[in-house]
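Next up, some structures in structure tokens.
Both complexes below contain chain A, partnered by chain B and then by chain C.
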Partner chain A sequence: MEEPAAFERLVYKNASNFHYMKICLVLENGSRNIEAAQFKQLIVSGLRQLYGEVGAAFPFDLLKFDPGTLTGILRVYNSGLVKLWSALTLIGSYQNELCAVRVTQVSPFLLALSGNSRELELDQASPTGEKLLLT
Partner chain B sequence: MSPELEKCSRSLLVCEKSNFTKEKSRYDIHVSKHYFNYKVSIVIPECASLPASIAGVINSFNSYYRVRDLPIYKLLEEEFLEKVVKKGQFYALSYNTRIDEDNTIAFLPSGQLILSVDKDTYEQLGLEGKPSQYKHRKVLRYVVTIDLTDKLMSPGAKRYQRLITSLKEWVPIKCDLMISSKMTAEEDGGVLQNLLSQYSFEEHRPTLHTHTLKEMPCPSLHSTDRHGDEKSCDPHHFLEWLGAVSMDISSDNEASSFLSTYVCPDPQSLMSHGLLCTVTGFLIPEDIYSLLLELRRYFDEPKFTSWLSMTVHGFVDSPVSWGTTEHGFLKSGENFYNFVCFRNQDYWLHMATGSHDGCPP
Partner chain C sequence: MVCKMAMFMDLNVNFTKDKKTLQNIIETAAHLGYSTVAINYTLESQQKKPEIPKPTSISDLFTKLPVVQGRSRPIRVLSRLTVVATDPSHFRPNAEYKAFDLVAVFPKTEKLFHAACMTFEVDIICVTVTEKQPFHFKRAPVNGAIDRGVFFEIVYTPAIRDSTMRRYTIGNSLGLMETCKGKGVILSSGAEKPLELRGPYDIANLGLVFGLSEGDAKAAVSTNCRSVVLNGETRTTAFGIIRTMKKPPPAPTASEEDKSEERENSAAKRAKMEH
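And then the complex of A and B:
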């Protein structure tokens, strides 16, 4: 058996290099088929429109995209958060159709995006017992 | 480009490393002081299905109630106060209220009532409170903290009468509440059930989901690592990986990929399968502590993995994070903690808060 570890306590302030955003594309005429690459290209073009080629030249990741609900999770360096968020806010159209990007959640911790208590719905009494989703 | 555009709001992550069997370790206090919990996520590498013992503990979690339009003063009436609120096992939090916009009410098991209210409500209430610590230029939010166990707040006392008058006549605050009490009907004399039956309410059970993780890279962790060692990945990368697992985010991308360059942090190993289990609801610390004890027992028999992880997310709209430390919501209201439990009963505890929060304990 290994020896118990010695006590250690560290406090990190602003130590995360990234911010994570959960966003949703809302189209005027309802949903349509959009691929992940097209969604990312929409955001890149929004950045270029607002900040130009040089200003928009910072990387961000589309960690996940759900084509059914048009929701995505982005990862961006802290220094690019304000620029990315402002560009998302001003995206107004996709292929000549009016649209808007809703920012649902922003956090320096990706883990926090998986536990948003504002999604808790208690309007119907939940069935007793468990739901098993084994895939 | 203006440097102002590159600034971000503050976040804090406290990382504690110790052993469960050490007398001085305070993990139990950290769990018990985090009163309002929304979700528990468990990740166990090399585990195909939820062990029966852990499922049993989750099935014994307390039920909770959602009561509609309950006048707050009803929870302060003498009988309810003496038989339920002051007994140390009563939790209540306003449902569907946003801490940055709405009036929020919370009852702590320590017998304290927290009212986080806007300026107008505070002035009409006429109760003694403090401006919120998280203000910009003007004070728009006030926090009233009332210790109901104080002698000066005992039924019949002047300050108690004033509190009742404020909440009953001056500003009759009514809201939907989530309520959980560890006491049975026999222990509290049926007082809680009696109160609930006067209003519209539903009983809820915590919701359990399980998901099997297929072959995927997984961080290697060693409990003997100290800060600066490279045998394990650093806390931020590990928490990022946990977030990726929880949300089914791919972690084997190429560096040249257009969509995402996210990869599992190094050092890593290949996990043939794993278990992701989440429990959601209005969860109380006592239940989470029981679950943690059961997870520690997972290693009583030999297992392929040397570690497992439990993450607990707090309510983003709770007026407190740990204890009575004020909690707010700027861009996000995260207040979560994560245990990594090792085979030899060592643990790592990561506690994270956002910008409108005090430092975790």
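And then the complex of A and C:
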């Protein structure tokens, strides 16, 4: 006879070692040409200002950068997320020009950054709004 | 029951005479996801005859309030008065204070800090972030303030502007956390330009740097701010039970309504006196 099934507990732990952040740089006088290297330099200098040399040394990557919209995707180890995020928050100027880094999305899955539910537009025509239009 | 999402608030947006900038800041706040902002008027008491500012009405600023991102609801704009006090006589609660939705005090000395925590009728106590805290936060007044439902405010804009200020901001807030254990704190911007505002989730994360725990940091931009606003609302009432307000101007049967209003008024007064 078969033994009764033993109690088994399954805990799903976040398998991802990384967090991904979609960020956007906003400058006071509108956008201008910034290269990916300069953008990363800005973030590293922000980290150095807040956390010193040790902070500036910790690993993160700029996976993608669009110079047109100044939007980029960062990949960072889970342990460094809080440090990186707070450094981004406290970045206030770029080359003596006021700026702000807007964090649009943060996720442990890169795929999640492909769409943003906040940019979905509800179809006004249908009263229940069940039809979604992706812009 | 409808489960409500946390509403984010920024209870300190500095007033500027420049309407365009103020509009811009409020629009940015709405776009970032803040559902309530408070325009802050500062009353510097060092001058000989301080003049209590009057809050500008929101209809002057906007004909149509900007919509909060993700909530499809217009943003709520409150007014707030901050009294900078270096002497006990500087804080005089009177009718002019009641024109504001929120009242804050910025005590400059330890004695005043104690008085602000224990007795002043305020909603918010500001913590110095632009210089080294001149006194130590004692446990008794801080706990007294938390028990009374008065919150401590830490402003983060100076930390964005300047690295020396950043050191003071972090240092002073860590000093406060040592005493209050992360309870009774709100984080707000004190922004004068739209680019000095940061998103609510960014600030919740920044709270971790200021020595708050994850839960307390999120509460500092959401639920704690809600308590402050509700506390501000009760300040204009008698024990939060009765509120008297002027009827809107068009009153057809004037004599009758006047009487009922008077009756309400005296009821509230009596309640206050019995206290």
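The rule is short, and it goes like this: the second predicted complex is superposed on the first by the 109 of 135 C-alpha atoms of A that agree within 3 Å, B and C clash if a C-alpha of one lies under 4 Å from a C-alpha of the other, contacts with A are read in each partner's own complex, and residues count from 1 in each chain.
As a convention for this text, a residue touches a chain if its C-beta (ideal position, glycine included) is under 8 Å from a C-beta of that chain, and two chains touch if they have at least 3 such contacts.
None of these values were measured; they are calculated from a predicted model.
Engineer: With both complexes overlaid on chain A, does A:Ile73 touch chain B (first), chain C (second), both or neither?
Structural biologist: Once the two structures are laid over each other on A, A:Ile73 reaches chain B alone.
Engineer: Which partner does A:Gln49 contact after superposing on A: first (chain B), second (chain C), both, neither?
Structural biologist: A:Gln49 sits against chain C, while chain B stays out of touch.
Engineer: Could you look at A:Ala100 and tell me whether it touches chain B, chain C, both or neither (first, second, both, neither)?
Structural biologist: After superposing on A, A:Ala100 lies in contact with chain C but is clear of chain B.
Engineer: Of the two partner chains, chain B (first) and chain C (second), which one does A:Ala57 touch, if any: first, second, both, or neither?
Structural biologist: neither
Engineer: Applying the document's definition of touching, compare chain B and chain C: which contacts more of chain A?
Structural biologist: When the residues of chain A touched by each partner are counted, B comes out ahead.
Engineer: Please indicate which partner A:Val26 is in contact with in the superposed arrangement: first for chain B, second for chain C, both, or neither.
Structural biologist: In the superposed model, A:Val26 contacts chain C only, not chain B.
Engineer: Tell me which partner A:Asn116 touches in the superposition: chain B (first), chain C (second), both or neither.
Structural biologist: Only chain B is touched by A:Asn116; chain C is not.
Engineer: Looking at the overlay, does A:Leu90 come into contact with chain B only (first), chain C only (second), both, or neither?
Structural biologist: In the superposed model, A:Leu90 contacts chain C only, not chain B.
Engineer: Common interface residues of chain A with chain B and chain C?
Structural biologist: After superposing on chain A, chain A residues 82, 106, 118 contact both chain B and chain C.
Engineer: Show me the residue ranges of chain A that touch chain B in the complex, using the header's touch definition.
Structural biologist: Its residues touching chain B are 1-20, 36-37, 40, 51, 55, 59, 61-65, 73, 75, 78-83, 105-118, 120, 122, 125-135.
Engineer: Mind pulling up the chain B residues that touch chain A in the complex?
Structural biologist: So the residues of chain B in touch with chain A come to 1, 5-8, 10-19, 21-22, 24-25, 38-39, 41, 49, 55, 58-59, 66, 95, 98, 178, 202-205, 207-212, 223-224, 226-227, 235-236, 239-240, 242-244, 246-250, 258-262, 280-281, 311, 313-317, 331-332, 334, 336, 338, 343-346, 352, 354, 359.
Engineer: Spell out the residues on chain C that touch chain A in their complex, using ranges where they run on.
Structural biologist: Chain C reaches chain A through residues 32, 69-70, 159-161, 163, 166, 193, 195-199, 201-203, 205-206, 208-209.
Engineer: Quick check on the complex: what are the chain A residues that touch chain C?
Structural biologist: Against chain C, the touching part of chain A is residues 26, 28, 49-50, 82, 85-86, 88-92, 98-100, 102-103, 106, 118.
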